[in-house]
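Sharing a structure, written as structure tokens. Questions coming.
Just so it is clear, A, B, C, D and E label the chains in written order, and each chain counts residues from 1 on its own.
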Amino acid sequence: MEMNLLLAVPEFIVLGTAFIILVMEFFMTGGSRKVSAVIGIIGSVAAAVSLINMPVGRALGGLYIQDQLAIFFKWLFLFVTIIVLYITMVYEHKIERWKGEFYSLVMFGLSGMMFMASSADFISFYVSLELVAVCLYVLAAFNTGNRLSVEAGLKYLVTGALASGFLVYGISFIYGATGSTGFTDIAVALMGGDTSIYLMIGLAITVLGLTFKVSSVPFHVWSPDVYQGSPTPVAAFLASASKAAGFVVIIRIMLSALAGVKGEWVMLVSLISGASLIFGNLAAMPQKDIKRLIGYAGIGSAGYLLMAVAAASELGTGAIMFYMVAYSIGILGSFLAIVIFNNSEGSDLIESYAGLSRRSPLLAISLFIGLLSLAGFPPLGGFIAKFYIFAAAVKEGLWALAVIGVIMAIVSMYYFLLVVKSMYLRPPKNTDPIKVDCVSTVVLYIANIATLALGIYPGPLTDWVMNIAKLFFKSTI
Amino acid sequence: MEQIFFYIFAAVAIISALCVVTLRNPVHSAFSLIICLVQVAAIFILLRSPFLAVVQVFIYVGAVMVLFLFAVMVLDMGKETIREHMHSQTIPAVGIVVLLLALIGWLISRGGITAPLGPFDEAALAKNTEVIGKTLFTEYIFPFEVVSLLLLIALIGAVVLVMKERPKSRLQGPQA
Amino acid sequence: MEGFPILSAIILAPLIAVVILLFVQERMIALIRTIAVVSTSISLILSFYLLFAYDKALGGYQFIEKIEWVKSLGISYHLGVDGISVAMLVLTSIVIFTGVFVSWVGIKHRIKEHYIFLLLLVAGVFGVFASLDMLFFFLFYELAVIPMYPLIGIWGSANREYATMKLTLYLSLGALFALLGLLSIYFTSGAQTGVYTFDMLAISQLSFDSGYQIKVFLPLLIGFGVLVPLAPFHSWSPIGHAAAPSAVSMLHAGVLMKLGAYGIIRAMWLVPEGAQFWMPWVAGFALINIFYGGMVAMGRKDMKFMIGYSSSSHMGYVLLGLATVNYIGVNGAVLLMFAHGIMTALAFSLIGFVYDQAHTRMMYDFSGLAKKLPFVAVAFAIMAFASSGLPGLANFVAELMVFIGAFKEYPIHAIVAVFGIIVTATYMLRSIRDVFFREPQDKWDHLKDATTFVERLPFVILIIVLMVVGFYPSILVDLINTGVVPLVDKVNASTLG
Amino acid sequence: MTITHYLILSLLLFSIGVAGVLLRRNTIIVLMSLELIFNSVNISLAAFSYFLQSLNGTVFVIFNITVAAAEVAIGLAIVVSVYRSRKTVNVEELDEMRY
Amino acid sequence: MNIWALLILPLASAVIITLLTRKNKDLSSYISIGAVVACFAIVAPYILKMFGDPHMHPEEQAFIWLDIPGLMVEIGTLIDPLSIVMLTVVTFVGSLIHIYSRGYMHGEEGFSRFFACLSLFIFAMIGIVISNNFIMTFIFWELVGLASYLLIGYYYQKPSAADAAKKAFIVNRVGDFGFVLGIIVIFYATGTVNFAEVARHIAAGEVSNGTLGLASLLIFCGAVGKSAQFPLHVWLPDAMEGPTPVSALIHAATMVAAGVYMLARTGFLFAAAPAGAMEVIAYTGGITALMAALLAFGQTDIKRIIAYSTLSSLGYMVMAVGVGGTNAGMFYLMTHAFFKALLFLGAGSVIHACHTNDIWEMGKLYPKLKITAVTFILGSLAMMGIFPFSGFWSKDEVLTSAFTSGHTLLFIMGVFTAFLTAVFMTKLLIVTFFGEKRYHGHPHESPSLMTIPLIILSIFAVIAGVVGIPGVEPSFGDFMPSFGEGHGEHHFNYFVAVTSTIAVFIGIFVGWLIYSKKAIDNKQLAANWSGLYAALVNRFYIDHFYDTVLVKGIYNQIARISNYIEVYIIINFIINGSAYLTRQTGKALRLTISGQLQHYALAMVGGVLVIMMMYVIL
């Protein structure tokens, strides 16, 4: 049993940072914990650096796998976390107490996600998932003084636990059908492609259980409330990193462990995908609260990503990775703008954004680019992402899904344009400019430019993700 | 013989589980849950996993249930404060659950073990505890560490969520 | 100019202007306008250069530029023009050049943003016409669509929010449908050759299974058909025209609608057998466009709506021409795309000019404007006659060619189509009578005619173009023909069976 | 005794647990029902482990028990803070965010 | 002199006036007059050449205008006697009318605009005349329509003028509908649009009879519109809203005759067409002639009366073509151009003097307007067809053609029309120039700028028939292209001549009885025949029918229904409906996120159930 601790160095750095922040609490006085955030950012950067030229292989007794896919997603998580930490800094005054613990929980959550990305076994996957989940439960309910935050936390916890129950119940059946919990062993067991009843049960329930993390139908119900109620940085974290973590395990489970019985689950995933697309996008239309809107839109996005999963191909895998990157950047840019706006105006209602383009062109353009990227307008990153997904779907002949996807893309344009309408077409209620401090300005610019760059010159990223997808598929077969 | 025990344990477990769900008083529910969990521990023994049974009793009955009872007491819910203890969606909920039960039950009844069997037959299971102990620290070191983190976070989380004020650190000066 | 990336220059001129404008202060109006004029005139000059530099004897695709963009997917920045695209580029550059001047007069607030969006839009349009890569084709198309949203939403008139939303959604929906079709072609061609590429030139060399072609043409047809707009997907267009500010209406009707038809031409080129199969359907729907659009236009009192519906009627002629798949009809269709683009740009600029002063576009509100606005009246009359197919103006030749072409393939359709010119004449002349003829009213005494250079320039340019092409259509037809002949040959060469 | 017996038992407990989550208004009892669910899963894991003669299931049960305990701890903490902010643990009253 | 100058000069004049000299009225008019006179000067040598060599070889020049595979269109000129005759009429009468207009339009606000439009018209008209192919003909055909539109709508501030202009254009468009289709049919039947080529193909028998019949009828549709034949005649009387010189030039002498010219030009087609097609043409002409003559009685507007007489004359010409007498038709066209232009210009002079169009507000003008009156009377006599005025010879030829070709009914109609024409022309003369004085103010003779053209025209009205007098060489028929059997010779038929002359004299007598002698009370007559009279005043209700049934009843209703479909069904129901439905679905769906935690749980479990069931079933 090789330990090979070197491979897990990034996680250790992140955990170490989390502990440092925790321990620092003993020495800290005063209200602000921006230092903790900065330490978290430094730790994340260090972890990201340590991932450069990271060798691949198995570690920690074999249940931990470090491969290109994991590295890619870890980088994504780290990047997201850095931004989330920054958003939290901007948001910090709204956190009443335990600010240091907030940062450290974010870091713990990050480590959980990185573990998820590296899980090679249902047990380690499940445990890592719960690690992330528990961190997020706490974070969602963090503002105990805020009624909505607590409500969000409870809803998240109960639905999450229920979903975990289903997930682990399903896993037990997969275990029952294959006699093992390791992804590779399962893949080997299922290579023949023959299926048993247990596998059917396990497959169905596991897939459904996995939909919680990515907030797709039928376990999507929590997301609007939680996005709305939880602290905004947490919502951003949920929308980007947590969803990405969900997809990295979905890729691992569906496309490697269960790849042999693809025929069994493509239909199932298609169903879920279609339902998510329809539900998320349609229900987003009447929303008034921008965070809630993004929550619903997130359900739709999960639908798109699942479409790529249903395609079950290299292209689909690459599409998921690209989508997650573009989507995370869009989400984070938007959430940063939302936080800054909320700091100034105290409202998340879409109508309160009226005339934002006159009051703060930067915030307006950031939301414009971020949201339209989510909607999939070219030449923004989100478009290329959707394009990839459609490409994957069309390639595998998933025409019905593709058509639903197209129509729902239009619906998503509609509701995101409603925000744009409010910002650009409506007159402002008052004309005081909204101040954006200089670091935030830089961050917003980076997000905007990144979104544009992904749309205009996606080549390097696509080449990279396609390469990873290729490697991943090669390793699984 | 084993069958009789199974049925007894199963029956008690199910009845007590039903009690958990139906009894009005949370304290009663909590006690029913304890009974149920003990039955599960018994089932573990039938499955030749005494280690699991022990863990079950220690962690669940010993820790978790105490936590529950503690919470019930803290929140002063000795008697049910909510008049209608059942949610208004009873009929659809029961219907859906029964349907799901029937569906999965039907599927289970048609299934059987098809996977290749592992090395741990009855005889090997006698040394079950020892083997588990070893694998937990070798093969399963990764999840094991993660779980420990999980417990740590649960601790921090509980503190963060429940404690109103940060205790004055001893390391901090008197005038903060 | 050997080796000079002339097509890129055409596309980049407005984009560079956008970047420059971003750094110009909003109050420096004169500078902003100058930048817009300069950039569009660069495009104008270059596209006219193309018009003459394109080697008609050689034909095919010329001025090709190619840069790998996403190698793993076979996407490249691949530009090149044939006769059809050159005509469309010239059209676009004329319309935007005049549009800049129309906005100069018509747009009074948020001028900088207006020009930024306008130039973005036109860069997209140029890109579509010059692209030889399916993905870039699509990307540029969307680049042309997005700025429409703020352009109509901010500077539009009545009902603008509804209109702009509807327009954006429709156009995007159409585009995405087309995208599905293009993707399918991409994969099918890739599977066939083993080389996955979005390069239209490469794909056009292949021949697909005819059953597949028939299937894949449908999403392309619907997708591009929405943009044309093919009835019954046309309702976004009139209201979009009506709500948009003049320059945007000009571009919208003059150029954007042509993108749909251009897309269908490209689809015919890629999947000829599919085209052959569906063309009778296209002809049928074209007829609905022609007759129904005309009739609706006749019932409209709002001038912009009238022109809007008449546009959909005219685009019916374009579709009918394409559906003939013979040299005469397709040449006519492409020429009509050009002619209608110019004519409708003129129409909207004029109506906008009047509307900006009178704040109404209802025909019954006006009378006798010819006395007060003689220049506008003359220009409007020229537009109306062009629209009703009067010889000497560009539309006539094009429509005649469409009729001749259509008569061969679909005689009944052709008869109804010819009848359409009566309908067009009716509502066009009625609008002249209602608005410009009859007794002048005192309440319109405050209206001013177009007198300054800037006010007149767009009208004059458009009229001159209409007349030049009308008097000597060969100037364009010879060019268009070089693109049409291979296309028609390709479609006809394929045999269904 | 076949595995089906154990699985059916597990399923029954699972269903009862789910029903509890769906039906009870008292948040604490909802959490108890969630515990029932995890326990039922443990039964099925242990049963599979036994009948498959493999140890993975047993190990999984151990982890699962721990995870469940952690979740309960957090759950109860949240319930306490809910009670503090709203003076109720009635799930039905927690609907300030909806639609 | 280059033949293209014929086109370039008037066009240049129109452009220069519009762009440059609009402000300078005199200069504008000189430019315009200069252009048309120059055109006449260009034409003149050809006239001499034609007289020298009646069978001259047609001169054809062309350059390619449009060339795509399968379709080659030229802009070309075809100079043969037929076009020379027509060119003569156009440029000569045109010159006179231009000169006259300078006097008549004096002081008008849009003086320059008027001349620009006139030049445009001359340009277009010459284009039709010299065209060597169908498409070019059609192009200029439309352009004269444009000029006509602009000139009818000259007084655009008058609603009636605005309406009349629009009506003229649209009614012409209806005719063009057929014309275009006809051209297309011919194009596909022969593969070319060049007249000579088409003729060659037809002569070679390459075109089936059915196609020929169809093509000729469709082409004829164009003529029906332009030459205002029944049932598309309705625009011409309304076109009198334009200034009088316009009525003279466009709506009497040239443009309306273009239809007949075109029939003559494409005579090869009609000669080869099946008899049925020709019958249709002939009877259309006959009916138009007769109907218009009747309708003239219902009018009191001097210009409208003459307009109806024009209609009637056009009917004559078309009838002549229809019965195979193309040269008769052309001959009539030429003489008609002179005397009808004269009549209109005379009427213009009268109107200029009286400032009214109503003949019942004139009377006894002869002493005041001697030159006008005399020339007008000469014109009228020519028009009635009194020996030896030009009209006699030409009308005689038309009637002879009808008679000798065996169309007795048409012959009778023609004679009766001649009689009616005599009656109302007599009426017109008596009521306008003689009888009691009913005018207001002090009418005085028009300036010499106007009277000189009148005099010149009256000379031609009297003598122009000379070329058609049988036995005179070269005879008019020699100029005409000959198709098929027996042409080129004038058959003087004494029976026909005598019959028509008698009819005319009876007509004059009747007119005299009613309007001068008052032997028959015209009021009484109107009362006794009130139904007929009402029908006449209301133009046989044809306009009414078009207006209420076709336009308001069908056309507008279709537009209304289309709009209804558009607004209510497509936009409101389908488009907005689906948008609404989507939004409502969204609203309904979000209700599932009720805020109730246990609803969420239920939804999750329900979702699991549903999806698993689907999964198991599938």
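We take it that contacts are C-beta pairs under 8 Å (C-beta built on N, C-alpha and C of every residue); 3 or more make two chains touch, one makes a residue touch a chain.
This one's a predicted model, so the numbers in the text were calculated from it and none came from an experiment.
Q: What chains do chain B and chain C have as common neighbours?
A: A, E
Q: Taking contacts as defined above, which has more of them, D-E or A-E?
A: When A-E is set beside D-E, the one with more contacts is A-E.
Q: Return the chain whose centre of C-alpha atoms lies at maximal distance from the corresponding centre of chain B.
A: If we average the C-alpha coordinates per chain, E ends up farthest from chain B.
Q: Most remote chain relative to chain D, going by C-alpha centroids?
A: So the farthest one, by centre of C-alpha atoms, is E.
Q: Please work out the Cα centroid separation of chain B and chain E, and write it as a whole number of Å.
A: Measuring from centre to centre gives 100 Å for this pair.
Q: Calculate how many whole Å lie between the centre of chain A and the centre of chain C, each centre taken as the average of the chain's C-alpha atoms.
A: Taking the mean C-alpha position of each chain, the two centres sit 42 Å apart.
Q: Measuring from the mean C-alpha position of chain C to the mean C-alpha position of chain E, what distance in angstrom results?
A: That pair's centroid distance is 37 Å.
Q: Roughly how far is chain B from chain D, centre to centre by C-alpha average, rounded to an integer in Å?
A: 6
Q: Could you tell me which residues belong to chain C and also touch two or more other chains?
A: none
Q: Enumerate the residues of chain E that touch no fewer than two other chains.
A: Only 590, 593, 595, 597-599, 601-602, 605-606, 608, 612, 616 qualify.
Q: If I count partner chains per residue in chain B, which residues reach a count of at least 2?
A: Each of 87, 89, 93, 96-97, 100, 104, 107-108, 111-113, 115, 117-118, 140, 143, 147, 150, 153-154, 157, 161 in chain B touches at least two other chains.
Q: Where do chains touch, given as pairs?
A: Touch list across chains, by label: A-B, A-C, A-D, A-E, B-D, B-E, C-E, D-E.
Q: Given the complex with chain D, which residues does chain E contribute to the contact?
A: 590-591, 593-598, 601-602, 605
Q: List the residues on chain B that touch chain D in their complex, please.
A: Result: residues 2-3, 6, 10, 13-14, 17-18, 20-21, 26, 29-30, 33, 36-37, 40, 43-44, 46-49, 51-52, 55-56, 59-60, 63-64, 67-68, 71-72, 74-75, 77, 80, 82, 84-90, 93-94, 96-98, 100-101, 104-105, 108-109, 111-113, 115, 117-121, 124-125, 128, 131-132, 135-136, 140, 143-144, 147, 150-151, 153-155, 157-158, 161-162 of chain B touch chain D.
Q: Please give the residue numbers of chain B that touch chain E in the complex, ascending.
A: Those in contact with chain E are residues 87, 89, 92-93, 96-97, 99-100, 103-104, 107.
Q: For the complex, which residues does chain C have touching chain A?
A: 68-73, 75, 135, 138-139, 142-143, 146, 149-150, 153-154, 160-161, 165, 168-169, 172-173, 176-177, 179-180, 183-184, 186-187
Q: Inside the complex, what are the residues of chain A that reach chain C?
A: 372, 377-379, 383, 387, 390-391, 394-395, 399, 402-403, 406-407, 409-410, 413-414, 417, 420-421, 424-425, 457-459, 462-463, 466-467
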